[in-house]
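In the two complexes below, subunit A is the common chain; its partner is subunit B in one and subunit C in the other.
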Partner chain A sequence: MNLPRREFLKTSALAAATAFVAQRVGVSAALSPTASESDGIQWDKAPCRFCGTGCHVRVGVRDGKVVAIQGEQLAEVNKGLLCVKGYHVGLALYGKDRLTTPLLRKNGKLEPISWDEAIEVIADRIMAAPDKFAFYGSGQWTIPEGYAANKFMKAGLSNNHIDPNARLCMSSAVTGYLSVYGVDEPAGCYDDFDKCDVLILWGNNMAEMHPVLFSRFIDRRMRGEKVMLIDLTTRRTRTSDFADEVLLFKPHSDLAIANGIAHLLLKNGTYDKAFVEKHCNFRKDTSEPSLNGQAMSFEEYRAAMEHYTPEEVERISGVPAAKIRLLGELFGRRDLRITSTWCMGFNQHSRGTNINRLCHGIHLLSGHIGRPGDAPTSLTGQPSACGTAREVGTLCHFLPGGRLVAKAEDRADAEKLWNVPAGRINPKIGYHTVLLWEKFCTPSDKGGDIQTVWVQVTNPGQSLPNLHKLFRGKKNLADKFLIVSDVYPTATTELADLVLPSALWVEKNGMFGNSERRTQQWFKMVEPPGQARDDAWQTIAVARKLFERGHPGMKDKDGRFLFAVSDPSGKEVPVWDWEHYYNVNVDKILFEEYRTFTRYKHKDLAPYDEYVKARGLRWPVVQQADGSWRETKFRFSGFDDPYVRKGAEFQFYHSVTKDDRALIWFAPYEKATEEPDEEYPFWLCTGRVLEHWHTGTLTMRIPQLSGSVPHAYVEIHPEDAAERGIRSGDSVIVKTRRGELKLPAWINGRAKVPRGSLFIPFFDERLLVNEITLGDPDPISKEPDYKKCAATIRKAAPSEHGSVSRSEINSANG
Partner chain B sequence: MLVSGLVFNLSSGLAGDAAFAQLQRHPALTLGPRAGNLVPAALSTADVKQSRDFHDQMQAMPGVEYVDVVYVGFEEDSEFEPSSRAPEDVTTAGSSKATLFDSRPQRMTVQPAALPN
Partner chain C sequence: MSRAISRRDLFERFIGRLRISTQSEAKLSKTNESVSAAKPHRFAGNVSKGEPRVAVIQGRFCIALTSFCTVCVERCPVPGAMVKRQNLPQVVADCCTGCGICQEVCPAPRNAVLMIPSKKRLRSVEQDV
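Showing the complex of A and B:
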């Protein structure tokens, strides 16, 4: 076939659409093209670059350029469907302002330099003060990239000052899982959305943030299935339009709602007594919040929940008592399958660990766990927040595979696997994200003991809270040095001293781990532009430079380079030299090394080549007697999890209490740190929109997306707006105790906030809402709260320009 | 040049049939075999704007419940203009205001279905 190019693309598009329809109606049909086509488009699979759902796409490449995207019909996650971001993911590579050469700030101006010079500059900074160096990454790191960075820091520099942006989005989910089950990540998976009768979204605008998963659930209605959606939310969103019940609650009062459900289960005797007696213990916090707390009896737990009557919960939350009773009744029914999901609403919460614990607790108390459709499941916002941040352990207190920096036997185990001398890993936990940036932005003579930060794959200059304190403070500190590896100029590169151009997505090999424990792999498909190079290569090149300069940490126990790579004949390949980096598959080598860490917490991964064949596999992936590799959908459940004791229905085999039981926690409702008052009478919440991903670095460069939502705005209730003479589109000033921001108002737009609330999305680098957010952290997870602070709003005078006059407020802020 | 794969979700009954007839006549569309209320199609347009306008028209057409996009082929470069932060007045910058605050239907991959009894 040698069709004209346009005809060929039309044929491909129609084939994809026809296959999608066939799948929807349950008819087998030939799948649209995946293999090489005579017309010159080469198709290959890759997970989407954006959120943590982990949809697979088919990437069409022609003449060295990505020219088409379709949903991967073979992928279980998305079954051929993508969201509006996913369909345009290929365009993320082709913004006009891609970074293509290393840039060094000289006399205040960024000027092009060679890669050799850039590597030397980084090595100089590290050699001068290795303990004052920090690495900051994200869940956008591929698994091998994150693994390389983690090994470089913890096994090489004996320095634990490495943390990912994931600290800002899911660390409260981690502490929730750890304190309830003794091990991180969900027991269930996306199959729960296909099986549940009731889906409860806890502060989770799933229709916009995880639209493919939302469609997967809602489409069941099209097939005639009776499913119920309950939207617990602080503002009406697109998700609410589909919900059977929209329960609007006052910010922070989700703690009371969860306790109200537990209260009713206990009062009505509808909790699952047999499950609780067999599989659960009870827990409460110590006087100071801690991960593992202290034991409490069932009777103490029952007494603590007495207070949370439906009427009291209504008083606290604003949700009618009758609706609290409805939730209690649903959880009390054994004939229903109930899945709860959450994302940033729970996690970016100054009591994030506690609300995670409480949600797991009501599922445990009611026995709605461990069967398909019965699950408490967190969703993640970044494509490999689970795979790289949590599993590889790029957080400052983790080692790979769930090991802990603070635990001597875990350090010893990691040192053995890394083949480094005993004692190489520093026993002191590093700085978590907020502390790391605070130390970086504090003068060295005033305790600011982080002098150099290397940022890869994220944009803290936009995503950190309270930016003036945690990021912009760097500006006037001459001895501080910021290195940024990225693909486009960002709010972070604006203050960078050294900028490194990185390869993006299918410009390099990669692996991600999504929200349902699914590890995914892809191959490089196109060349990166100019001199842009892989982030893992950058790390290895710096490590090699340090090795050559005699840094002892860059050698293993046998004196070999920490990242030594050999070809099949045993000859060392100089992968630190870009010309040779792709002579071997470095990703595969790093992954196979990392894989040896994963069995410790029963997060077993299969060999790399298994992921090449699959559209992802959910861990633990265990080899069968016939040599095949089997994934696990439902962890801790005897019918599916190979690590559950034979004959047991459930076994929480990493139990905190070492008795195979999960913990049901009590945590009280507490007020938010900063609540509206006379001076600042509004709640301010921040978040995302469907069309943009994270800080908009990629999606703002895709015209189809940036054209749909071109800038940030503030949502305000019509009556609040009318009282202030504000109309849609008017410029307004939103002010908090940390600063003020001028932006347009939007009334009854996409979402509807209740009276007394404001909402601003954070994707717009020109309108940085994080200049005014509070970011009060959870005491255990250290994750900041971006969802609540007090604010005021007024119409801007015609003469007012931009985001202005922060100085007097900031001096007060310290 | 922009080529998209679409799936039209039609209403049941006459309205859906009328919409189907209209789609069949549309010069920019190549339709695949209809399966119940679902119609696969390839859409070929000159540029992004035309594609979006077409999508919005179809979305608003009587008898069309909603339109899923399942394939996107693109040959155009990005148009992103790196911005200076904190613009003078973002609401009047270029087409921004018109795009965000007009009454164009919002695009989604799903629409409300009947709630369970």
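Showing the complex of A and C:
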């Protein structure tokens, strides 16, 4: 075919148009939710396995295998759209090195054992020292999995040493919501992106981390709507390409910027006086940081904000005073709807709770809250960080449904719902993530009182900060024992003593809860490979083994097994025996039990069967007079939230001050823990990329994704690079006080860091940036800061191996 | 591509093709490789081996508008051969050497890069030289 180029293009355009018409005809067929189709593919719905957006996919199964993935058009979250990870989510199941049999370390080598032996080994460890056992879980636990683990620990072992990886990811958002509204999770929802006039991204690279949500907003601009995007960031990202204003600020100075906005609202008198007088109180920290701080008057608040003039904020942050004034003006306008979002930039922050508080504060002060499009909303990175970690309360200080371990009446309530004897729940809160791993990596005779850790659905060997201290320390401690349930070998299984093969995603029943309070459900569609089994089953099987060995905690008040399950005829089903696990829907039984916990904080969930029908429902889901179940989009707003007092426009009904008011906090700008100096002159930031999800365990096994971004790299400014003789693709050594890492440089690539800054993604298990991060935790949320530490960089000598000698890195970037 | 088309419209066009595309994915899963040996899929296109060729982005398969992907632009080894215009990747045909890296790295469910013959263009370049 020798068509001239112009002709060729014309022909292909025509072909495209024809294809477009042809596929429109088939649209109605695609809309039918669970139709089975003639080509032998069975379709069913599931939320995507990856991030916290909570897109729904349609999963096509043929011959017992997932063979196709589509965006679910019936889903409100994504309306059929997926991101590049979502399109390939099915392949996550089929990496060729799936774990398929339990493995026990014998003489330094992992060797296959039977499930029965594996369960015995765990039971032995727990029986020997039940109080020195810890469970480390995940925001990727399904809701029933997290609920089972939480009950096993707190109601069974009377042990609160259970914490999820979500501690590393959103616990500052939790403490932010709790200290402002008295109850966790956003008031708004994704509908705000469809209604706002201004979207402000606070250190939030939405185009890469939540692409489907970002497209939902950008789509409005493409349709001709006038919307404004403001990107507050420490480096130019793909998101910045779409922004009307890109405000580059110095790391940690977001505290000053937020205060600068409050300063202008007060100074110009443009704050929402009526709203503040009716719905807000003022608050500041006590001398020791605490969740609820102490009261302050409006006058004191005003005086505290006096310092943060636009010029002072410019001096601290590097953002021009004129741009601070622009932000102040926008918030001062009543005719605009403003939505703020944030993610790890705020949360992985050594003053994470404070920056969360300040952002809520400027929305409250300006009254930009509670109407569609007016919302401060945190986004989560894991599919069920909200649903499982936050709502089920798999943190060391929480009980299900927003109850607290430290509160006697909450414990009594949970004991009643669990039907266990009074006093069963330990009143002392457990170890949070960083402390848990510190104790595990400290010798037993030196106060390291965690001896066994069971890890499910997460990869702390890669995701913890300062890995040498918090993870590798285990290596030489013979009496410490690490159990890991996972689907692939990881940086964590490298040090594991017992590895358990788990079922993944649609190989089991499951439920997730996304960033907008939406609870979602799916059914098992394919069998897990080999002997891989559900995580919830693993927990129940161990509980049963302890029950049989006479552990008193595994019985309820009536002497029944903690996870006793009956079929509809009332006959007990031995679900601890894998052969019988799917005789009943254990997920449904656990969820219905958990549901009784959720009304206490008005986080009401609907019955399981409602979620089977829906593409997720946003809580509180409240039954209507006609028997139907209604979700809530806008919490605390009279027009939508059934728990707001009749006639009230807003009611913060879980108010810390018990007067239906939210708290506006003052918090000062403070310096970061480790700032650049002469020896280590660079800021080092870590984060994610579009193609890879967290530690890359799944996405690095999907050829399309690992092919796109095959390895980690360091971003550096061209002038900083030139001064050091570094060209794009060169091997460099990045060094911090914790160690050094050799990896290729990428200059003017996808994102552009300012002078004096470096960025390294953390997905690559061969290039573990967390070997050199600091991870200083927020004093209230205990969430480590992965975004800031001091580093230095130099070109690597050709013979130099650095810490990456174990991997072959081809410098494909350039 | 006309600017009047919104992302959502584009996406709606896109969705109907996913069935086909994900089935190619299904075939892939049988030969899926693990981390160490991950090889992106490669569509032969309509170019025989050794023939001079040039890359063309098929807009209807490209996910730059829905997933903010620009991997092809980032990985193109020839300065100026691929550019981002209004956040869409575009091949500058006069600079493209036809190496096919963009096609190799394209992560779209249906590969969006087509390699087409470029005999005519190459001749004209030679004459210029």
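Here is the rule we go by: the second predicted complex is superposed on the first by the 769 of 814 C-alpha atoms of A that agree within 3 Å, B and C clash if a C-alpha of one lies under 4 Å from a C-alpha of the other, contacts with A are read in each partner's own complex, and residues count from 1 in each chain.
Throughout what follows, a residue touches a chain if its C-beta (ideal position, glycine included) is under 8 Å from a C-beta of that chain, and two chains touch if they have at least 3 such contacts.
Everything numeric here is computed off the predicted structure, so don't read it as measured data.
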Which superposed partner A:R238 touches (first subunit B, second subunit C, both, neither): both
First (subunit B), second (subunit C), both or neither touched by A:G513: neither
Touched partner set for A:S728, first subunit B, second subunit C, both or neither: first
Touching partner for A:G146 - first (subunit B), second (subunit C), both, neither: neither
Partner chain in contact with A:P528 - subunit B first, subunit C second, else both or neither: neither
Residues of subunit A touched, compared between subunit B and subunit C (which is higher): B
Which of subunit B and subunit C A:L743 touches, first, second, both or neither: first
First, second, both or neither for A:G775, with subunit B first and subunit C second: neither
Overlapping contact positions on subunit A, where the subunit C interface meets the subunit B interface: 12, 16, 20, 24, 27, 60, 67-71, 80-84, 87-88, 90-91, 94-97, 207, 211-212, 214-215, 218-219, 222, 238, 241-242, 690, 700-704, 706-710, 749-750, 765
Residues on subunit A engaged by subunit C in the complex (per definition of touch): 1, 4-5, 8, 12, 16, 19-20, 23-24, 26-27, 30, 60, 62, 65-71, 73, 79-84, 87-88, 90-91, 94-97, 207-208, 211-212, 214-215, 218-219, 222-223, 238, 241-242, 690-691, 700-710, 749-750, 765, 812-814
Residue numbers on subunit C that touch subunit A, as the complex places them: 3, 5-8, 11-13, 15-19, 22-23, 25-26, 28-29, 32-35, 38-41, 46, 56, 58-60, 63, 65-71, 74-75, 77, 84, 87, 93, 104-109, 116, 120-121
Subunit B residues within the subunit A interface of the complex: 1, 3-7, 30, 32-33, 35-36, 38-44, 48, 52, 68-80, 82-91, 93-97, 99-101, 106-110, 112-117
Contact footprint of subunit B on subunit A as seen in their complex: 6, 9-18, 20-22, 24-25, 27, 32, 60, 67-71, 80-84, 87-88, 90-91, 94-97, 207, 211-212, 214-215, 218-219, 221-222, 226-228, 238, 241-242, 244, 488-489, 491, 494, 690, 700-704, 706-713, 728-731, 742-744, 746, 749-750, 765-768, 801-803
